[in-house]
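Below are two complexes that have chain A in common, paired first with chain B and then with chain C.
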Partner chain A sequence: MLSALPDAIGILLSFEGLSVLVLGTVLGIVLGAMPGIGSTVAVAIVLPFTLTMSQAPAIILLLAVYAGSVYGGSIAAILINTPGTPQSAATCLDGYPMAKRGDAGLALGWATIASVIGGLASAVVLIFAAPQLAAVALEFGPIETFALILLGMTCIVSVSTGSVVKGLMAGMIGIFLSTVGGDPILGEMRFTFDNWQLFAGFNLLAVVIGVFALSEVFVRASAPVSKVSELVAFKGIVLPGWSLWKGRLRNLGKSVLIGNVIGVLPGTGAATAAFISYAEGRRSSPNRERFGKGEPDGIVSSEAANNAVTGGALVPTMALGIPGDAITAVMLATLTLHGITPGPKLVDDNPTLIAAIFAGFFIINLLLLPLGMLLSRVAAPILRVREAFMMTAIVILCALGIYFVRGNPFDLLVMGGAGLVGFLLRRQGFPMAPLVIGMVLGPTLELTLRQGLILTDGSFLAFFTGHPIALVLALAALLALSLPLLRVLRAGKTHE
Partner chain B sequence: MKFHHLIAGVLGAAMAATSASAQDFPERPINLIAPFNAGGGTDLLLRGLAPHFAEAIGGDVFVSNMAGGSGTVAASALQGQRPDGYQMAYMSVTVSTIQPQIKNVPYGLDSWTPICSVAASPTLLFVSNDSPFQSVDDVVAAVKAEPGKYVFGSSGPGAITHLTMVSAFAGLGIIDDMKHLPFQGSGPAIKELTAGNIQFFGDTEILMKRGDFRPLMVFNEKRIEGFPDVPTAAEVGIEAPLNELYLWGGLFAPAGLEPEVTATLEAACEKAVASDGFKEFAANSGTVIKYRGAAEFDAFYRAQYEANSKLIEAAGL
Partner chain C sequence: MFFPRIILILWIGLNVIALLQTLLKPEDAGGIASWVRISVVVLAALIYVNLIGSEGFFIPSVIFALICLPALGIRSPAIVAVFAVAVPGALVLLFNHSLGMPLPTSRFTHLF
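Up next is the complex of A and B:
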């Protein structure tokens, strides 16, 4: 593949190559920053344009929009507490408090650097270790994935600010919401009351936007005018200096690793990675006490991991022809339309194309830094409008985004309902992140649990006896749950 | 989909729409609905067809996506719409004839005006290339020797992949000795076939070529060009109706469309499907073009609905 690099660079440096690199990344960042337009939709928007392009630029355009949108989601998450994409939901947890404190520029700076490093590292891994990692992906059957998701679920505890009990209840609400619609194993309809609008379940994006963004609007609208806090002051991205990174590199490295590994496993995705990484940061970071109050490590955990997923997700896609998520599935379909058969022989049969794609992916991640800095400046004057206008604009943007995705007015009702429920729950001190985690992880947890039970003829114990990876992950989940308890016990002893 | 209403509404008001008659059709953009996500096979097919359809009909055509419920959300939404010819969905055999017979959906046999069929692809039963099974006989012998050991996958309950497996193994009389592992989409199922967690899967030729797989049988009237050595379902002893499984798809409008409008859409569809551009697209994407006009497609669709009710019963869905 390396011998094909000169030809590949030639493709990238052509007019078509350069323009898709830059325009695709710009478009990705902008679409990702729009609340409601997730990465999948962003990629779908540009898909028709790829049909007339040549092979490499078509895929690079999709990649640029993909990587750009994952990063772009953090801009809205930090500046207006509205995750542009579900994978940025964890970024809100520390990004927004930091922005409210007056450090919006710095918060975006952390997010940008973390995203770039996460993306670049995943590009390197993709280029040099794709075949080896693809073999790892094959080791992860339903049972291993179940254990991984179980571990992911433990982050409900760590993102439950205030009351863990209320956090667990919110998590359960999220899992319950995810069970509405078709049963994944039998196809029966659950909790749909013969209403076909519910056949597909609740739209995840509509719920995420509702409980985060809309409920925030309601909270602000219900506060007495005098108490309304000032909107975020933001003049542009401020990159964190080298000295600020002291003691944070370990967390960064860990987050990149988590993102990469989870990205490689089909059927998980960037939102899962961001939450698991955030939970790990909260467990192990030296600054863990400040998590949830605007701690840079929180932003770094989430953003480095979700961008590292992008390269990871390409591993099984390129090495095995197996798409890891809806976006890589679109890429495979695009390859097919351009007369290329994805599969295990893809890399050997098309060395120049693959070299161009990999090199292009590396450049896209480099471009995130200057383009992110440039584009977020555009947001600065927008944020200076009066709060009432801003809140109205957020509601309209969210509604447009949600409506655009499926063209279904029912999704707007779901968003409104989720906003109202989120508002009421928040007033009672329920954290909203666990609800989103429950809804993101719930379907995979259920599907893999039931798949596993089919494979083991109904024996849950057999999940762990014959599957060492699952056993290790389950033990890690147990440890993650008991760690806070152990800490309390130890602290109690030292006080005596 | 409703986006189009918005645009159409604005346009309509601006032009102070005159009386709409069938002769003027189409006087606004036509919406082709993909009942699945953007980037999926159905979506790409429609996006490949749309420009040629637009050219043939001399108006604007756009594709929208309304995914969910294995295609039933879009079909349910479309069945309640005015039959004006401005909205059509691309529906497969499963969305139009299988789902309404296994799920409580608000549409059924008489909800549609079929316009034209566009494509058809036989499905194959295949195994991993390192599998010990060389023929269907090997499979039957192995499953009977060790009941409960072997697992077949599907891309979801009630999907064409599921029906392929059920038709094959019910037809061979071994389905009660096997386990079914449903996935969400063909991608994860193909991964597990590679990894060995499932031993059998069934999908179209283009999907089978994604991996290192070996076909054992094809659901088609005769053997297919790419695999002349692979026997058909009937050849390995699968009897009707189970050997008649057939993956097809076409454009459907809500029931009660004016005959003139139907004829206009049908003519445009024929021209689009026969265009060089679409033929090239089909060759690249592995789509097998199968055009039928409105009357022929209507009769075919109704016969399939009937036949598939027997298939569903025989398969025990």
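Up next is the complex of A and C:
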């Protein structure tokens, strides 16, 4: 991959490369700062517009929106006590009290520095860990790949928010949707009802936008109308001086480590990392009694960890083709839409693209500092915009984005249907990430299963008796699936 | 149909477990704040995405915004009207006339 670095740098330093780096980070910060949009919706809104770009700039733009939105969430958390993204919920606990006592600029300064350091550290982890992991998986045949995807899917649904069963059901719906269209081995049409629009299956992009962005609008329309939050006095970011960092570097390092480790685990997410890091910070900080009252260590714990997750979550996505959360599932969908097959061969088959993504991700995190300082003053008034305007604009932008890609009105109907189904499922507690992951990984799961069955003369048992790696991966999948069930049973016994 | 059949069998099994869970411990899906609001927004959005192909981007977008904004609590007619025309108008200007990437136009004029 190192040999591809000069070409990758060339892509990043081109006009298109530099534009997407800056534009993506700007969009990410602004969209992330708007309460109610969140990282997944932000990435989903921008996704259709990347399809006219070449592969590397498209992925880099989405990465910039992702990293920018995680940071942008802290602006709303600190200035109006409403996290722009769920990842920034823990930042409210100390960020807002600090802002209320007149130090909003300094609170955002702590958040900015912690975010940049967390993001840069995670970029380093991504650069070194992903190729190593991919090298291990490179020798995988169809049977091992099948077991790997099985593990990825069980990991993600088993840590789904809410019910494990509902997570699995959503995953199954996603896999089933991916079977609509041509059979990958025999070529016969399945579930198309002689409608030629379905011969190539459901448009993945339309489903992704529908279940994430459009259903979010419906969910918000079903909730009480929110009032415009009160903005605290803010005159721009004030970076904390070196002397103020004394005694806090240990907490920063620990938070970065927590974020990176949790990020690599599929399905855990930045919000969990931020709260675990915050709890650890409160336990071990010398200033623990000031936590919750505007303590900088609280802001540092949350922001360093949630930004450190971003690179970590990309490790299994890039190395194995297994998305770690909803956002990386959207990233994976983007790769598929650009004609790149996600999986263990991703790094080996696309060295320039991967090198550009890694280097680009590092630069994006560097850009957070100047752009964050510049944009926080612009983003602050946006926080007062009524939710109704954002929701209406999201629907219009989603429709525009979906039509823009293929000019096919049928895709708009798929998006509308996915939005409605997504809304109904979300109301019943079904998580949407497993559905998208099922739809993205479903075709590879089916293909590898059927290739494996051809290799073993139709014996599914032979998948595991003759393939030790597949056996280990399958056992890990079983463990990942049974652990949450055991937790539920244990919780039931404790209540008794 | 081999693979979809496996998926459907697993899905039915999971449905049975989910049904048993619900029977043993009923869940509350949470109330809807306003049935009128959610019905208007969902219907407007579904009709809107259905109309873009035949009526173009601009006119359905304006009508959608005119319906959706009051439903979501914006009471000032002037603000609703300005937003409803300005946002789709700006997007049409940007895509059709600046970027040269034509959005669908209506049956009334080729301009929008």
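Definition applied: the second predicted complex is superposed on the first by the 277 of 496 C-alpha atoms of A that agree within 3 Å, B and C clash if a C-alpha of one lies under 4 Å from a C-alpha of the other, contacts with A are read in each partner's own complex, and residues count from 1 in each chain.
Keep in mind that, in the parts below, contacts are C-beta pairs under 8 Å (C-beta built on N, C-alpha and C of every residue); 3 or more make two chains touch, one makes a residue touch a chain.
Just so it is clear, the structure is predicted and the values come from calculations on it, not from any experiment.
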Original post:
Is A:47 contacted by the first partner chain B, the second partner chain C, both or neither?
Top reply: first
**OP:** Considering only the touch criterion stated at the top, classify A:142 as touching first (chain B), second (chain C), both, or neither.
**Re:** first
**OP:** Once the structures are superposed on A, label A:404 by its partner contacts, choosing first (chain B), second (chain C), both or neither.
**Re:** both
**OP:** Return first, second, both or neither, reflecting whether A:169 touches chain B, chain C, both chains, or no partner chain.
**Re:** second
Original post:
Regarding the shared-chain residue A:420, is it in contact with chain B (first), chain C (second), both, or neither?
Top reply: second
Original post:
Where does A:389 make contact in the superposed view: on chain B (first), on chain C (second), on both, or on neither?
Top reply: second
Original post:
First (chain B), second (chain C), both or neither: which does A:341 touch?
Top reply: first
Original post:
Is A:246 in contact with chain B, with chain C, with both, or with neither (first, second, both, neither)?
Top reply: neither
Original post:
Can you list the residues of chain A that meet both chain B and chain C?
Top reply: 403-404, 407, 409
Original post:
Can you list the residues on chain C that touch chain A in the complex?
Top reply: 1-4, 7-8, 10-11, 14-15, 17-18, 21, 27, 29-30, 32-34, 37-38, 41-42, 45-46, 48-50, 52-54, 57, 61, 64-65, 68-69, 71-74, 83, 87-88, 91, 95, 101, 103-104
Subject >> Interface residues, chain A side, partner chain B - complex >> reply: 40-41, 43-44, 47-48, 51, 137-139, 141-142, 181-187, 189, 194, 196-197, 199-201, 266-267, 316, 320-323, 326-327, 329-330, 332-334, 336-339, 341-344, 403-404, 406-409, 447, 451, 454-455, 457
Subject >> Contact set on chain A toward chain C in their complex >> reply: 52, 163, 165-166, 168-169, 172-173, 175-176, 179, 190-191, 214, 217-218, 221-225, 386-389, 391-393, 395-396, 399-400, 403-404, 407, 409, 412-413, 415-416, 419-420, 423, 427-429, 446, 449-450
**OP:** Quick one: which bits of chain B touch chain A in the complex? Just the residue numbers, please.
**Re:** 1-4, 37-41, 44, 47-48, 64-70, 72-73, 76-77, 102-106, 148, 151, 156-158, 179-185, 187-188, 190-192, 194-195, 197, 206, 209-212, 281, 284-286
